[in-house]
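Just below sit the structures, each encoded as structure tokens.
After this come two complexes, each holding chain A, first together with chain B and then together with chain C.
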Partner chain A sequence: MKKMVIPGLIVVTLMLFTPLTGWATNGMNMIGTGAVSAGMGGADVAVPAGCTAIAGNPAQLATTCNRVISLGGAFLFPGMEDTPSGGSKTENEFQVFPVPFIGYAQRIGTSRWSVGIGAFAQGGMGVDFQNVEVMPGMMPGLKDDLMSQVGFVRLSPTVAYNVTDKLTMGASLFAGYATLKYDFFPNTIGHRVKDLTSFTFSGRFGVNYQLNDKWSVGATYTTESSIDFDGGELTTASGVKYGDVKMDGFTWPRQVEAGVAYRATPKLLLAMDLSWINWSSAIKTVTVTATNPNNAEAPNTLNVPFVMEWDDQIVVAIGAEYELTEYLKIRTGYNYGNSPVSSANLSPLFPALVEHHATAGFTYTWTNWDFDFAYEHAFTNSKTNDGDPNPMTNPFYGSKVSHTMDTFNFMVSYRF
Partner chain B sequence: MPTQSECLLKKLSLCLSADRKEKWIYFLPICIAFVVCLLLGCPARLCAADTLNYLDYETALQKGKEAQRPLFIFFTSPWCYQCTEMKRKVFQNKEIVSILNERFLLVEVDVSQNKKLKEDFRIYFTPTSLFLDIHGKPIIDVKGYIPTNRFRKLLRYVSEGLYKTTQFSAFENK
Partner chain C sequence: MKGVKLILIALAAVVTLTHFAAPVMAGEHGVHWLTYEQGLEKQRELKKPMLLFFHLSYCYRCKQMEHKVYEDAKVIRFINQNFIPVIVDLDKEKQTAKLFEVDYTPTHVFIAPDGSTALRERDVITKSRFERMLEYVTKEKYKTMNFDAYEKSQF
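Presenting the complex of A and B:
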């Protein structure tokens, strides 16, 4: 019985967070976790952090004070448009995705060790297009829905160790829980999938080196998480239900980050990160396999491949922090990450298109409290599917998809 | 291959009919500006005009008795980020430095080196700011980062002997 308690708590904690996950902006990743990181455009690898080091560079956990607890989140407001070839434009239904974060960190006495634990949304994506024209060139007037929701949360125990006064190392274990559902023209020519879930483990290793009073450098490596969804249900447009559904080929990618921070003046901190996200080996062809139909005349097995073939992503993040007073810091940042979605395989169901982000934020300190806020704007980016013109293999040929997003980040931390 | 109309930077006349990889060119000016800022940006003035005059503990205790001045002991460790922050901000304030040098005897203790003082004063956290009277008896200790204004109040509270009649919390809230 005792053996079930800890895994049970992990699963329950992650499930509490999962329904709240939503759209992310570097592929499916958030550009930064926490309002401090977000305010600096996600440039946080070599920047001191508190609890949010749990979701960033774990080595930065060593910069935490005695004990700190942080609670916060982000509200994401995506805006999307889908214009099928030869059809009219459909706007995404209004959506708000709350993305929570909770964390606790402390140094163990005066030792070299710091520890922490946190739960946060690593990312996800989601669209909700209603009454989209279904291949208007072939079936004029036919309309149906496109909806997707992918959520991925992580529970992360983290440890950091001061090897020397300048070198710090850290590691995070990620227990991840993912959910997925989608509607692919479920009432006309397609199907609906719901309740797919997966539990997965991965890790992150980070280092930070303080070169001198002004310069510090850092790096992280994140292992990939193979996410094998199962336990779902698929319903075809004709009403056949498949009770056993799984999805293969979906992986959260490995990632390498390197960053530098420079204290230009006592009040001004500049930071820059470069990241490589290996989407090309993570998202290729995702295959949904459905078995156990409730109709004997239906095929026993249904295979639905989604050819995605995402590209690797290079992310550049630049941020600045200025201390107006000892109690008020302001931040600004810029983040660019090339869209991993290729035009040939563009789908309005998974359009991770935004590339350019501008951010601004502040932290106000009052006694032992820190109040953080950040705003992110992801500029509109559009792509048109220019892949295989055969509508039977590429139903979204010629579709133009646009994507933009606004995000508001909040965080409250208490040091004690 | 994206068309010109898809390019965000078209309005800045920077857009070329380039594939995704060549979009890197757009960030060249930003990167150059960043590097220039790093190299030519405001020179750091991390060294204040005045510095704190630290003594070893025994010397400070003896001189404190002679000069009738209390002791300020700053417990730190090499990996203590909040200690660095206090040194960078609070201990760079000229007024603070002046008050500390003139009205206190100062000791900095690296708890990773000086285990005896760490044990004697039961220091379990850095930074800890500890004030002792002229007999070496603790007056008050404050854990963690102390903002400049609060630290200024703390110095006044100790140096003016207000601790003999008032709790610091009451003094602070006046």
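Presenting the complex of A and C:
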């Protein structure tokens, strides 16, 4: 019985968090976890962190001197538009995605070891277009829906060690839980998929080195998470239900980050991160395979390939933190990451398009409490599908998709 | 990408300027820290209050305390004139840490000249609050009120 308790708790925690995940904006990744990181544009690899090191550079967990608990989250407000070739523009339905974070960290006694555990949303995405024109060039007047929702949460036990007074190392084990559902013109020419889920494991290793009083450098490496979705249900527009549905070819990518932080003056901290996210190995052609139909006349197996062929992403994050008073720190940041989505394979179902982000935030400290806030604005980016003009293989040829986003981050931390 | 390049150039300029314009830390000689044994001897001789700073060499928040408070010229001068400052590394001086029941860094303990504990505080302390603590102890206000009451009386 005891053996079941911990895995059970992991599953329950992840499942509680998953419905609350949503859009993220470095591909499908959040630009930063926690209001401190977000306020600095996601530049956090070489910046001291508390609990949020669980989702960032695990080596920074060593800056936790005693015990700290953090609770927070973000509210994401995406804005999207889809204009099919020869059709009219449809705006995304109003959506708010709450993205929670909870973490606890502590130093083990006065030793060089720090440990922590946290649950957080690694990312995801989702759209909800209603009454979109379905290939208006071929089927004028026909309208239907496009909806997608991908959520990915991680539960992360993390450990960090002060190797020397200047060198810290850390590692996180990520137990991940992902969910996916989508509607692809479900009432006319397509189908609806729901209840796809997957458990996955991966890890992150991090290091930080304090060069001197002013400079520190850090780096992280995150392994790939192969996400094998199954347990779903597919319903075709004609009403046939397939009871066994799986999705192959969907992977959360490996990532390499390097960062530098510079204490310009006692009150001013500058930081910069460079990241490489290997989407090209992770997201290629995603195939939905449906079997076990409820109609004997329907094909026994249905294969639905989504050619995505994402590009690798280079992310530059720059941030600044200024101590305005003893109790108030203000932050600002900028984050750029090229969109991994190529124009040839652009789909309004998975339009991870935004590239430029501007952020601002603050921390107010009151006794043992920290109250953090950050605002992110992802500037509008648009692309038009210029791939294969054959509508049978590329139903979104000529579609123009725009994407923007506003995010509000909150976090409360208590040290004890 | 042009915007990114401009930001990188601007950032490099800021780093360069701030590097050369950074002020020299005030109080060149800093706080005259003693070991606990040295401090005890000195306290017997000078009858001044003792300030104990418990830290770890790898404690980030202790370093924050050092940079934000112990590098301030006014604080340095006041401590050197009015206190017997003692620094205790919890990793190396476990007996002293045990004596004062300290397992949290940073921790400050102020010992009155008669050997009694005048004040004790955990975590990073802001400079202004730390200055009020120094005054509270030197003015021997701990004999008549606790520190919270003293702080309230200052506003």
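Definition applied: the second predicted complex is superposed on the first by the 416 of 416 C-alpha atoms of A that agree within 3 Å, B and C clash if a C-alpha of one lies under 4 Å from a C-alpha of the other, contacts with A are read in each partner's own complex, and residues count from 1 in each chain.
Quick note on the criterion: contacts are C-beta pairs under 8 Å (C-beta built on N, C-alpha and C of every residue); 3 or more make two chains touch, one makes a residue touch a chain.
None of the values given here were measured: they were computed from a predicted structure.
> Check chain A with both chain B and chain C modelled on it and let me know: fit or clash.
clash
> Scan A:256 for contacts with chain B and chain C and give back first, second, both or neither.
Touch partners of A:256: none, neither chain B nor chain C.
> Mind working out whether A:355 is in touch with chain B, chain C, both or neither, as first, second, both or neither?
So A:355 only meets chain B here.
> Counting only touches as set out at the top, which of chain B and chain C does A:383 meet: first, second, both, neither?
first
> See if chain A has more residues touched by chain B or by chain C, and give me that chain.
Chain A has more residues touched by B than by the other partner.
> Quick check on the output: what are the common chain A residues between the chain B footprint and the chain C footprint?
The answer is residues 48, 62-66, 109-110, 112, 162, 164-165, 168, 213-214, 262, 264-266, 268, 270, 272, 316, 318, 326-327, 334, 336, 356, 415 of chain A.
> How about chain A: which of its residues touch chain C in the complex?
Those residues of chain A that touch chain C are 48, 62-66, 109-110, 112, 162, 164-165, 168, 213-214, 262, 264-266, 268, 270, 272, 316, 318, 326-327, 334, 336, 356, 368, 415.
> Can you name the residues of chain A that touch chain B in the complex?
Interface residues on the chain A side: 48, 62-66, 107, 109-110, 112, 162, 164-165, 168, 213-214, 262-266, 268, 270, 272, 311, 314, 316, 318, 326-327, 334, 336, 338-339, 343, 355-356, 365, 379-383, 415.
> Mind pulling up the chain C residues that touch chain A in the complex?
3-4, 7-8, 11, 14-15, 18-19, 22-23, 56-62, 67-68, 71, 90-91, 97, 103-106, 123, 126-129
> Note which residues of chain B are touching chain A in the complex, please.
On the chain B side, the touching residues are 1-2, 6, 8, 20-21, 23-24, 27, 30-31, 34, 37-38, 41-46, 77-79, 81-82, 88-89, 92, 111-112, 118, 123-126, 143-145, 147-149.
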